[in-house]
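Take a look at the structures below.
Note that subunit A is present in both complexes that follow, paired respectively with subunit B and with subunit C.
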Partner chain A sequence: MTVSEPGTAVGTATGTGAGNIDGQAIAITVFSTVKWWGKHWLPLLFTTLRLIPPLTRDLRKLSFIHFARWTLIRELPANGDTAPRTRLRYPHLFFESNFNDGWEEYIDAFSYVLTRGMSLFWASSYGFPGALPTGPFKDYIHRNELEAAHYYSAYPEATATMVRKALALAPAVADFAERAVRLSPAEFEGAWSAFLTDAQDLL
Partner chain B sequence: MTIATPRIRRTPPVPDLADIQGGILRAYGNDYSRTTYLFVNVDETRAGLRWLGRLVDDVTSARPWTAGKPATTLNVALTYDGLRALGLSAELLATFSDEFRAGMAARAAQLGDVGTSAPEYWDTPARAHVILIVNALSEDDLTGRLADLRADLGRYEGLSLMHEEHASLLPGVREHFGFADGFAQPAVEGVTDEKAPGGGVRDKDGWRGLALGEFVLGYPDESGRDSDGQDLPSAPAGPLGRNSTYGVWRKLEQDVALFRETLRTSAAAFPGGDEEKLAAKIVGRWRNGTPIVLSPDGPAADFRGNDPGANDFLYHDVDADGRRCPLGAHIRRSNPRDSIGFGELLSFRHRMLRRGVPYGPPLPPEATGPDGQQRGLIFVCYVASISRQFESVQVQWLEDGNVFGLGHDKDFLIRGPADGSGKMTVPGEPPFFLGPQPTFVTTRGGQYLFVPGITGLGAVAAGTAG
Partner chain C sequence: MRARRAQASPVTVLTPIVPGERDALESYLTGLSDAPGGSPLARVPGTHFARWVILPDLVTDPKQPAPDPLGSPHLLFTSNVDGSADDYLAAVADTLTAEAPEIWGRCVGCPRPATGAGLARYLRHNAIGTGLFFAAYPRATVQAVTAALDVHDRLVRLLVDTQPAGPAAIRAAFLKEFRP
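Let's look at the complex of A and B:
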């Protein structure tokens, strides 16, 4: 893997504003206004999902997502003297995520694979058309999306999948290197071949 | 995992075959062994409109032929520059998709058309206006029709014939590397339902064809299928938004001598030394088209790509790790079916109707090196969205491997990174690493096209499209 200056890599990420892309990574930031009952509904949903991990299994299986996070915002924190802490008249759902590949593919996965989950997250948001069909759902996300003013990825060439594989490969390589020093050339040949066979989907 | 079955069950919309241009929903067929693309520029709007106005009546529609096959067919595609040159209003022009408006040359960096594939080295005009597509049964038929079209063009001042690209089928409907090509196509609901197993998508009731709107504008696509026809995919305004489609035209030069040489030298290190097997691993099919996922040890002698069921296979349950068909094989990348998880849900919105034809003479089998002739594939596909159906396949599935867990590996059949660092992993015990990756394919030209319905084309010619 070659590493270029942060923020300069030409990646394969597609489908969103240039401000949201750095190398392989894409940011998405969505604000939506929540109906009054959302301030009870969303905390209940978040707690349930935290307590019962199998409910988010499919979300975690989508390996191109680095992380996705939903937050209920009820007030804006103080920002110096000019912008004091403000209580919002309506609560807002703040959604942020970082992922690889393409914006369309990402929302498609939300629509088709996580249909029910998406409907639950945005159920209390004004104007939410439903997670399917995808067309109106994409329009909705586009309308409520903010382009990042600055987006930075420390390893713009890396993707979540690559990092995960590299982390799994490192101990296997270390282990093999340690064994290898004790092997005769003939033994090494067989062991190397066995190592490649075992590790092939990480290479 | 299957797609949700629609809440409302409707009969699929009936395509208006008399208005949709021919050669899109169904190929004209292998009897049309010759295809020529004429690039025409419109330097003067009035002349262009008059010329098109006369041509409209000759355009071949998708209506089935009742009186036998015509000797030639004629179709008309336009670029964004062409629509501008023909005087469409700025408001109407703004309703075409962003990538179409930018044009293929402007997307070169994303599409991987860099280095020797960059637009400055193309040998077809980077800016074109109108492309006429002529198919013919025989060389004589072609010669006659082209002479008529050239004479017709000559009658107008302000039109110029910029380029002619001649393509023709190779024996056995092979592409130049020697593989049967062009038969694995998406099934379209209400048109080619017989191809649904393996070519469509599964819902609770089994396989069905993909919504017509995935390939022809003005009809519900897979997103709108469920919304009672209310939610049509984005399309140009007015008559151009109906029975039309977007097209992708690419001239891809193939280095056949290098391909054969690479197979020969790499097979020496490949277990069993089997060159044919290595070739099949790169493509995902044996030369006669047999999918290696179904037949890993050799081709089925009686395989015929157009048989119903020939394309009826998936990857996940039988070959998740790619020991039969590598995850990086050309057909597994370009249509991963269920191999990227969740059934076909992450791949079925990225299908294209491919209508490519090879150009140039075949390299004789006994040739021992390059013969100085140019040859390759005129890659053509039709889609409702160039960005979703062509660009994301090209950029994320062929030019990169992350989706498949293959890091930055590119499709081995097409081209490697300029620094020679590319490779392909052929899974096995032990795996085989094919590399360094040469460049077998170089882009020599390309256009994003718009293919109007016949009514829409008439409206352009009459100046009433808007």
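Let's look at the complex of A and C:
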């Protein structure tokens, strides 16, 4: 079995402004103006996807995403006389994601894996050119993206895959440790080999 | 709209910036990355990923019939957190006592001082519900993630260090590291 030193970076955060990067983690923050029918369509889409989680299966294929969200903003809260409650002229779609590796690769994967899903989310936004080809879509995202003034990750050197594997590995190590204290060195050898075989995909 | 129920929750707060304060706020926020001790968000329990973004105005696409001006720049704060958004915003208000006056203290309607229960109320008032939230590991807390990554790193290190060793030495090293 080949193992690498702990903490070794798997990928490199690239393709975006420095404010959007913390270690391996990249922030993307995108606003788009929504057509009139999106104010009905998007809440229906969000509700459907929340109620039927298998519909987000394609999203889960994108193993480099930690967290993502879509929000439809239709009005802004009031904050006194200088900022009264504002009903926006159009609804606005706010999208954010926290992922690892490169910005270009992220958009490419989003476009190719979620081609239909991208249209479901953004077809109601003005100017959306379609997910494919990726060139015009990347230009669209660039035009609508904002760079973070400050971005923070609690585990900046860990990719989403590393986190998922570690969360599966930790209880396996604890279970094996429980057993190992009762094993003789001879018994341990076989059990250790079996443990590593089972855990090798998590290392 | 309600976010999907899970251990992890999304937090989104959008606040108008006091006219004339945008540059100072942006300068303060960009400087946080170089602050001694790192990001202040590391002190707020339950923060997985978070960001502050200056929103100068809403996007006007060339194809939309008319612009939709915000009126003034806004500050967007988002976080991906353990537990409820309300509890998290209370923790933000209680923890960032030095930073919050420099941040939300530059926003319209923020109470003075910009700390404690008053700030928590202000942040909740300006919170925006999430339509759809995706979390790759929705039931893992920050503490669980960092502990699991630590176990991974210690096990890999043990494997590297004991590669030429026999079973007795490996067992001793493993139990020294991971004995329950």
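The criterion applied here is as follows: the second predicted complex is superposed on the first by the 186 of 203 C-alpha atoms of A that agree within 3 Å, B and C clash if a C-alpha of one lies under 4 Å from a C-alpha of the other, contacts with A are read in each partner's own complex, and residues count from 1 in each chain.
Note that contacts are C-beta pairs under 8 Å (C-beta built on N, C-alpha and C of every residue); 3 or more make two chains touch, one makes a residue touch a chain.
Computed from a prediction, not measured in an experiment: that's the story for all the values here.
In the superposition on chain A, A:N100 contacts subunit B only, with no contact to subunit C. Applying the stated contact rule after C-alpha superposition, one finds that A:L203 touches each of subunit B and subunit C.
Residue contacts after overlaying the shared chain place A:L132 against subunit B, while subunit C stays out of touching range. Of the two partner chains, subunit C is the only one touched by A:H92; subunit B is not. In the superposed model, A:F46 makes contact with subunit C only, not with subunit B. In the overlay built on the shared chain, the residue A:M162 is in contact with subunit B and with subunit C. Once the two complexes are laid over each other on the shared chain, residue contacts for A:T16 go to neither subunit B nor subunit C. In the overlay built on the shared chain, the residue A:H150 is in contact with subunit C alone; subunit B does not reach it. Considering which of subunit B and subunit C touches more of subunit A, the answer is C. Taken together, the two structures place residues 1, 63, 162, 165, 192, 196, 203 of subunit A in contact with subunit B in one case and with subunit C in the other.
Interface of subunit B with subunit A (complex): residues 1, 3-4, 109-110, 221-227, 231, 233, 321, 341-342, 345-346, 349, 387-388, 391-392, 395-396, 399-400, 402-403, 405, 407-408, 425, 427-431. By the touch criterion given at the top, residues 1, 3-7, 19, 22, 25, 27, 29, 31-33, 42-43, 45-46, 49-50, 56, 59-60, 63, 65-73, 76-77, 79-80, 82-83, 86, 88-90, 92, 94, 96, 98, 125-127, 143-144, 146-155, 158, 160, 162-167, 169-170, 173-174, 176-178, 180-181, 183, 185-186, 188-189, 192, 196, 202-203 of subunit A touch subunit C in their complex. By the touch criterion stated above, subunit C contacts subunit A in their complex at residues 1, 3-4, 8, 10, 12, 14-16, 25-26, 29-30, 32-33, 39, 41-42, 47-55, 58-64, 66, 68, 70-72, 74, 76, 78, 80, 107-109, 125-126, 128-137, 140, 142, 144-149, 151-157, 159-160, 167-168, 170-171, 174-175, 178-180.
Those residues of subunit A that touch subunit B in the complex are listed here as 1, 10, 12, 14-15, 24, 58, 61-64, 100-102, 104-105, 108-109, 112-113, 115, 132-136, 157, 159, 161-162, 165, 192-194, 196-197, 200-201, 203.
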